[in-house]
Amino acid sequence: MNFDPIYQEVILDHYKNPRNCKEIDGVSEKGHNASCGDKVEVVAKIENDKVEDLSVCTKGCAICTASGSIMSEKVKGMSLEEIEKFIEKVKKYLKGELPEEEFDEIFELKALSGIRKFPVRIKCALLPWITLENTLKKDKK
Amino acid sequence: MNFDPIYQEVILDHYKNPRNCKEIDGVSEKGHNASCGDKVEVVAKIENDKVEDLSVCTKGCAICTASGSIMSEKVKGMSLEEIEKFIEKVKKYLKGELPEEEFDEIFELKALSGIRKFPVRIKCALLPWITLENTLKKDKK
Amino acid sequence: MLDLKKNFPVLRENPDICFLDSGASAQKPDYVIDFVADFYRKTYANIHRGIYSLSWNSTVLYDKAREKTAEFLGVKNTECVIFTKNTTESINLVAYSFGQKLKEGDEIIVSIMEHHANFVPWQQLAKKKGIKLKIAYIDKNTLEFPVENITSLITDKTKLIALSMCSNVLGTISPFVEVCKTANKKGIKILLDGAQYMPHHRINFTELGIEPDFVVFSGHKLCAFDGVGVLYGKKEVLEDMEPFLTGGDMIESVSIEESIFAPLPNKFEAGTPPIGAVISLLKAIEYLESIGLDKVEEHETMLAKEAIKRLKEIDGVHVFAPEKISNGIVSFTIDGIHPHDIATILAEDNVCIRAGMHCAEPLITYLGQDSFARATFYLYNDMEDVEKLIKSVKRCKEVFKL
Amino acid sequence: MLDLKKNFPVLRENPDICFLDSGASAQKPDYVIDFVADFYRKTYANIHRGIYSLSWNSTVLYDKAREKTAEFLGVKNTECVIFTKNTTESINLVAYSFGQKLKEGDEIIVSIMEHHANFVPWQQLAKKKGIKLKIAYIDKNTLEFPVENITSLITDKTKLIALSMCSNVLGTISPFVEVCKTANKKGIKILLDGAQYMPHHRINFTELGIEPDFVVFSGHKLCAFDGVGVLYGKKEVLEDMEPFLTGGDMIESVSIEESIFAPLPNKFEAGTPPIGAVISLLKAIEYLESIGLDKVEEHETMLAKEAIKRLKEIDGVHVFAPEKISNGIVSFTIDGIHPHDIATILAEDNVCIRAGMHCAEPLITYLGQDSFARATFYLYNDMEDVEKLIKSVKRCKEVFKL
């Protein structure tokens, strides 16, 4: 079994088989982490103040890819208001501003929290979330 | 009595009453010490490979002024070859590359050697000598 | 009264020395030296992008220095604090980068009391671009700086005012608050040279209600190591400027054809920064704040006032300072003795002062002088230092039989 | 084999750490840290113009650093050694100041393996002035750098060749001797970026019989403090250039109308320099010379060769290095694991490497990669560090189930 605190089964699974990278119509936004070269593209199909569908395509490290893939599964179907709050919470969580137990129910996110020990890598985990945030902002304009 | 190792009687005398600042015809050259603002103007009347007359006018500190005044008295009448050698020797002496006894016979120069303890001030003492050197070089051209 | 010699190893190691040259560069307390030496012994690694813990821990300290500096200046945007190597580089950065935006016919105002660092870059820029350099004069008699002497020079063409907060020769404080307010109102950019001000005064730009476009100062004059300077800039102004030095760490991406630059502050911090010196600045500010900058100002002003009073009592000694002083700068001359000779005699007595133009030749010339002797008091000086100075100045006259 | 961990406090204090990131910045030996800390404790004062002994003694050390550096490079004119803050500033100085002499239609040659510090400044200059930037490519397969790949680009319009002596990613040594000879013969100016070469090789330009117009490197990569860089320039070339930063200490005289600049080296050293860091460079060179740079080269090459051999034995690991290596740089990738993930897993094991573009994006792109993991060996590393690296790389594959 793999006991690495960061690269747990679930992270590797999402890295190797990222979910929801697909062609859909919607508002799209790109994100780029200059320091490590990670790239994310988010497309959100927004209807009735809800994210009806979401595509997240990443090119980068396991952390960023897994984070994006997990995100794509978790936020689909949420209302814009819910998503905004959720992103805020995840950002805080990944930055270590919330206790580890906070996401006890969402074990994929809890697994991601291993990177808190390597603060440089937090950016990788945050990138998809920030890109989604920017996507939604773009929609508002 | 004044026991200051640098500002001895003879130095102060040459500072307060600098010799040989006068109007003569000849090759002239200016010297300037940017770090402390000392200025020297040397005019040398050269005939038959001899410095027949010399004017040295300084504007600056006691060390520079006294050094210039002493120089004006010592080199007058020397042949160009003698002067060149003499300047070389004085430069070495002031820089501390010759023993203090070296100028036992020229007590004015010996008095100047007190500034060896303050290397920044050596430039002040050297300035007239270097300016004279440049004057003679100019003559050669 | 402060009693801090004990915190400064140079002063402990050289107990005979009366150090009155902090205006050139300040001594460093144990608190700073020990921390930086320990940093190199325990933690050091290059910052940015290192995933391993040494690199991360170094990065954290580096970033903390930036936060601390922003707090020290009383400004909000941490990312607007740029680390350079000294005040001189900070000013040149602005002259090169902001200078690109200026054009022929524009006007820059500087004052006659600027240090060369805040004079020559503007003079050179003016020459290159056909910009008019206007000089604001201080009052020759009072050595004070009436605000009208600056504001009266302002025209529609004025694009920048580059002003020292405090003269390194006279201790004169410029009316930078009023000038800044006027500049802010008129949309004129203003650069404040705080090299001589920051080490000696509490400042908080937000509390003062002014928004200088650029503020510069050096670490080494406020008890940090040499090798670090600060440029603080208003966010929109910095964002609107081209980078100055280009290379690593200030880049988003580089292709053969073009480069995309990183956001603030990295955009202006090319290459490996002076990490140890930046961290020394963090510790130096902490140290000064633990003493209290109000107390520092009060203490050094008290010493300077005493020195001025005592110097003026000596026949033939002239002090060049405004009536109302608030720092430790004391420039003087002695009739019949060149300042370099004064400094030499003082050095014989282990009294360390500086003599010369103090990199302020336009000011010295304007005052009709060749050179000044300058003693500067700082937080670690005491009344005994004043005594030593006075005694040694008196000896100058004896030596020169005056 | 060298056994020097004991000289480096960071390695003593963190005995679990396997430090393989000297390519980013080297650790500092006691010999350097202790001396500089002591300097600040016993001797410190600002240099230049101070008559008193602290200032003079500081000046002497500062000047000695310049002499030592000239000797280290094997060049004769001490005054042609200019202290900057890092390699990046040194190159920008040349780009700004020498760059003024270039004009539209001129050509500059750089190589694809340049660090951004020796790429972006030329790219920006080229853009601003309409200069053509020509790229010399390395051999993609052998990762070697045939001299013709550079010399074939030379035309009548070539004014400058800016060339890294050693790639910070591949360890590839450029044919700088031959290129320099050609450039010297044709009167083309040549700048050599020695940031990765100087710390690892004995060099003596006079013995080599070449006369580079500019040589640049950083102190922090050769065991000195960060905050000091070097620009060596040919005398007539430097004398012919305008100053870069202007301000104090680089001036002969300043009037309101104009300034006369000081002679070399002061002309290019405006403001208070990084005194402590410059002195650390003196001590670092002394330290390296006491070990012997030939020995350093031999030692780190031996470690790198072993690491390369062992890495290549691991399935899915690709090493990017030329056949013939002579330094400690080892860049690699692992199929299926992003270099940032490699560096993270290694960091969990206290193996400190760097991952990413290494400020050499054009090279990485040219090689068709996104990013590299890079381990760099230096004089204080040993076989045990190789073991740790290999073990940890193997663990990467286990963690990723590859």
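By letter and in written order, the chains are A, B, C and D; residue numbering begins at 1 in each of them.
By definition in this document, a contact is a pair of C-beta atoms (placed from the backbone, for glycine too) under 8 Å apart; a residue touches a chain by one contact, two chains touch by 3 or more.
Here the structure is a predicted model, which means the values were calculated and not measured.
Chemist: Keeping to the contact definition above, tell me which chains border both chain A and chain B.
Modeler: For chain A paired with chain B, the chains in contact with each are C, D, in label order.
Chemist: If you tally the C-beta contacts for A-D and for A-C, which one comes out higher?
Modeler: Between the chain pairs A-D and A-C, A-D carries more contacts.
Chemist: Roughly how many whole angstrom separate the Cα centroids of chain B and chain C?
Modeler: 39
Chemist: Can you work out the whole-Å distance between the CA centroids of chain C and chain D?
Modeler: Result: the chain centres lie 31 Å from each other.
Chemist: Measuring centre to centre with CA averages, how many angstrom lie between chain A and chain C?
Modeler: Each chain reduced to its C-alpha mean, chain A and chain C end up 46 Å apart.
Chemist: Enumerate the residues of chain B that touch no fewer than two other chains.
Modeler: 35-36, 118, 121, in rising order.
Chemist: If I count partner chains per residue in chain D, which residues reach a count of at least 2?
Modeler: As it turns out, chain D has residues touching two or more other chains at 49-51, 55, 251, 253, 340, 344, 347, 355-356.
Chemist: Using the touch rule from the top, collect the residues of chain D that touch chain B in their complex.
Modeler: Residues of chain D touching chain B: 48-51, 55-56, 59-60, 251-253, 262.
Chemist: What part of chain A is in contact with chain C in the complex they form?
Modeler: 32, 34-36, 118-121
Chemist: Going by the contact rule set out above, which residues of chain B touch chain C in the complex?
Modeler: 2, 4-7, 12, 35-38, 59-63, 115, 118, 121, 124
Chemist: Could you list, by residue number, the parts of chain D that touch chain C in their complex?
Modeler: Going by the criterion above, the answer is residues 9-10, 13-14, 17, 19, 21, 24-25, 27-28, 33-34, 36-37, 40-46, 49-55, 85-89, 91-92, 96, 115-121, 123-124, 127, 133, 135, 218, 220, 225-229, 244-249, 251, 253-256, 258-259, 270-277, 340, 343-344, 346-347, 350-356, 359, 361-362, 365.
Chemist: What residues of chain C sit close enough to touch chain B in their complex?
Modeler: Those in contact with chain B are residues 337-341, 344-345, 347-348, 355-357, 370-371, 398-401.
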